[in-house]
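To start, the structure under review is shown below, and the notes come after it.
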Amino acid sequence: MAVVPRTMKKLLNDPSAVVRESLAGLAAAHPDLVRYDAEAQFVARADAPVQGKVALVSGGGSGHEPLHGGFVGKGMLDAACPGEVFTSPVPDQILAATKAVDGGAGVIHIVKNYTGDVMNFKLAAEDAADDGIDVESVLIDDDVAVQDSLYTAGRRGVGATVLAEKIAGAAAERGDGAQSVAAVARRVNERARSFGIALSSCIPPASGKPIFDLPEGQMEVGIGIHGEPGRRREPLGSAHEIAELLVEPVVTDRPPADGAEVLVFLNGMGGTPQLELYLLYGEVDALLRERDLVPSRRLVGSYITSLEMAGASLTLLELDDELKELWDAPVHTPALRWGE
Amino acid sequence: MAVVPRTMKKLLNDPSAVVRESLAGLAAAHPDLVRYDAEAQFVARADAPVQGKVALVSGGGSGHEPLHGGFVGKGMLDAACPGEVFTSPVPDQILAATKAVDGGAGVIHIVKNYTGDVMNFKLAAEDAADDGIDVESVLIDDDVAVQDSLYTAGRRGVGATVLAEKIAGAAAERGDGAQSVAAVARRVNERARSFGIALSSCIPPASGKPIFDLPEGQMEVGIGIHGEPGRRREPLGSAHEIAELLVEPVVTDRPPADGAEVLVFLNGMGGTPQLELYLLYGEVDALLRERDLVPSRRLVGSYITSLEMAGASLTLLELDDELKELWDAPVHTPALRWGE
Amino acid sequence: MTTEAAVKANTVTTWMNEVAAAVGAESAHLTQLDAAIGDGDHGVNMERGFSAVEKALAGQNAELPPGRLLIIAGKTLVSTVGGASGPLWGAALRRAGRSLGDADSFDGAQLVAALQAAVDGVVELGAAAPGDKTMIDALVPAVDALRNGVDAGEPLEQALTAAADAADEGARATVPMQARKGRASYLGERSIGHQDPGATSSALIVRALERAVAQAG
Amino acid sequence: MTTEAAVKANTVTTWMNEVAAAVGAESAHLTQLDAAIGDGDHGVNMERGFSAVEKALAGQNAELPPGRLLIIAGKTLVSTVGGASGPLWGAALRRAGRSLGDADSFDGAQLVAALQAAVDGVVELGAAAPGDKTMIDALVPAVDALRNGVDAGEPLEQALTAAADAADEGARATVPMQARKGRASYLGERSIGHQDPGATSSALIVRALERAVAQAG
């Protein structure tokens, strides 16, 4: 067992084993909900495959916990394929997970729009097709900090991923077919927008060093979830100012209808205390109501993180009756749990 | 509105308003579960008072979120009285909350054993008695890092608080009388032991400075939950070594019966990523099984924190059939939620 | 003035305002002392409490006897400070106030009795003994010094100067002590080598009383 | 040796081992470049992938033709790297391998064709154009330089030295570019002024080929 670098203030053994050891711990903590295939390197629903149910598979780099492993279970994902920290999983894992949870009704891949994720899931879907499993891929790209243009890899997938996994998971659970499960996931992505800021960097276990240094009194604006710097730096503002900074680009990029009901997902990046996150939620809630929006569903917590990064992201989803019903439907995973 | 010190990497407005603004945000995020009395400064169950039900009131300094406000709701607390960050609440708040949630079946105060908490709750209980409300106080003191002797203020109340609030809350919900609700809370405290370590300090909003500096490669061993330094400093160990460091004092202070079923509560101090916390859980789970203990109930997450402190605490509760039944009973709060 | 001369109600108000100013000025230092062996909030706690006391007393009519004002001050501390110091200082000032009763002025002997009652109140609630590294270690020597001075017939200011000096010395004397009460006791031997924040603020409070009486004289 | 002389299967193994050694030695530097405009994992990714390749090839029988070994290397990268560079380098080596087919040796012209096929594979999968600040900006000039040298009848080592120099230059040339592909593109103008990690590792890979062929010769 390699010794932890003495400078790394982390709870781990061999830094190169952190993902595998963490997944083993997740499975040990939630044996009723999930199982971990250490051989093929994926987390699956304890009762997978569920015959006749459309199966949902997602995955991506690790370091965003509880995403995705914490969302495996009844009413959400059938399997999650975690790559190394901030590194997309490999096609082999994705293929193995796809086969393991296929219940004969088709498999949906929920893929965050990052070059690596897209390529690896694409290769896995091709292999699955060779094995006679038809896979429908849904791309999530809700981050308005990145313009979707020829000059970028396209918008990143961030907070909407959690909402799409929950809502599509509920659709699959109630027996919808592959096409309509994929369709509702895409509808979530179309109706959701996100924006995030960081007050500190995070420390990937491999390097043990912060990815960037943020001078005192500065914040990174327009960040993703991989500890990467944001679009720009600005002087650190008050919670009220930061709330405005989050709300404005989100409602500008896709203005919800006047008086629309919205799901407000205020996400902590990992290192921000709940005391601060709820304070920020109060500011966001007020700003939305000022804009004639009704926060009729709310999710506040650290659900799609960058390790211990301090900061927050806002995801706004314009609801409709079906999306509300699917959001409220029971979910039974390590990180999201309600209903029976 | 005071300007946030430019050096403070926190999401807040006026540092002296952080607790009030955060509670307002909590209530805005969970209007179905809790309401916030900004006048008297407490958080109560949305449907309080519940007539004929024993009411549970807890409280303490803020900065430990989700404790206590996040545990208000059906099956757990009727009210929480948050003081300023790391400062016990004042008797006025506690008295007001006690009156507001009294359903005529008696009120239980769950008090963590800190000089300030004990004194302020005592004064409030005396005032409540004057108003004809009989209050039963339950003291929580599970932290084995502190010897319970004439030379200390006695053992601190830490992780067992969460377990006592959940289990006593379930007892009250099923209709137990005040004496038996208090008795089961005390039984949890008697059968539970805790120990914690920190890899970093935290930053109280009032000062904006870390409470202590931890040199590289060092950890604080035997910490409480107020960002205070621990009993001693040691070189930072691997997750495996730290797991042993947590398990050993807990099972030594109160050895559970061979083959006993235990509730394992591995708590993050706030700034430790889930990736690391679950990895540590895997190590703890294995060490307990080596000792012939059965982790039949598990709670892994940041539930009683010190703001953004990095670190973890272990609480072990030896279960019996009634404690298991009460733990599994439905709970419906912002931070803990299962069953219907 | 001599110990025979009486101290008026407004001296209490002046005292509390002096305390508010002193703990406000020393807030960061008190918090820093508390960060070393506690939880880093003592300065903020005292500042919050005594600025509330200042407000509360400003609203009172000038006719109220000193004892009543001290009781109001004590209740205000209990209602605004929290922590350990809120109930402790609240009890101290209430006990002092009750000991003064409704007399509209007090002399040195009455002041000694009032401060002794305050210390007794703190001990009753907190069960601390001298040497436990608490506010007691500043207050007990202060009251003793005051008593000696008054008994010796010294002028009150002079006796209060001795009391304030004794409180400072008592606070400094907490440095080598190992805490046996309050949060600092959790640190065991690690509490040695740090000055107790509560003893330090207690010394500020005695020094403020000296200034208040001097101004009255 | 001249471009006429043939390169053997074991040259591929040597090449891959040289790459494993090079990215291992440069791992921290590559990760640091990736931290500036990406997510700080490129060095770890390449190291993990090529040490897996080294292991995979060590297990192969000596008779396997070079093309087959490259296909195995490519598949190994896809299965072990993840991220963007895994599929991209996996496609590159598999295409190169297919282009060499089952011949048990290859000459300069065949090497040019194989590396061109590799670049085409990367472009097909990643749709990057020269100037987008990606590995392409190191690989395209390298292949062009190699082709020129081979066409001019230069000895293969000499042509490969020119190719490796061109790759280094191409990598350095990414510094002033604004990224249009991959993670770095999220930074917009903030990506300017940093050298692209993938282009940097690509130059290491071409340099390793030069060394491998030289050792064979």
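Note that the chains take the letters A, B, C and D in the order they are written out, and that residue 1 is the start of every chain.
Please note the rule applied: a residue touches a chain if its C-beta (ideal position, glycine included) is under 8 Å from a C-beta of that chain, and two chains touch if they have at least 3 such contacts.
What you see is a predicted model; the values in this text were computed from it and never measured.
Between the contact lists of chain A and chain B, the overlap is empty.
The chains that touch chain B as well as chain C do not exist here; no chain meets both. Among the inter-chain contacts, the highest number of C-beta pairs connects A-B. Each chain gets one centre point, the mean of its Cα atoms, and the points for chain C and chain D are 76 Å apart.
In this assembly, the C-alpha centroid of chain A lies 55 Å from the C-alpha centroid of chain C.
Chain D has its Cα centroid 33 Å from the Cα centroid of chain A. Multi-chain contact residues, meaning those touching two or more other chains, occur in chain B at positions 85. Chain D has no residue in contact with two or more other chains.
Judged by the touch criterion defined above, the protein chains link up one after another in an open path, with no loop closing it.
Every pair of chains meeting the contact definition is listed here: A-B, A-D, B-C. Residue ranges of chain D in contact with chain A, taken from their complex: 28, 31, 35, 37-41, 44-45, 48, 78-88, 125-126, 178, 180-183, 185-188, 190. Chain contact summary for the complex, chain B toward chain A: residues 1, 3-4, 6-13, 18-19, 21-26, 28-30, 62-63, 65-66, 70, 85, 199-200, 205, 214, 216-217, 219, 235-240, 242, 266, 270-283, 285-286, 295, 298, 300, 305, 307-308, 310, 312, 337-340. The residues of chain A lying in touch with chain D in their complex are 61, 83-92, 114-116, 119-120, 123, 145-146, 150-153, 156, 204, 206-207, 209, 211-212, 224, 226-229, 231-232.
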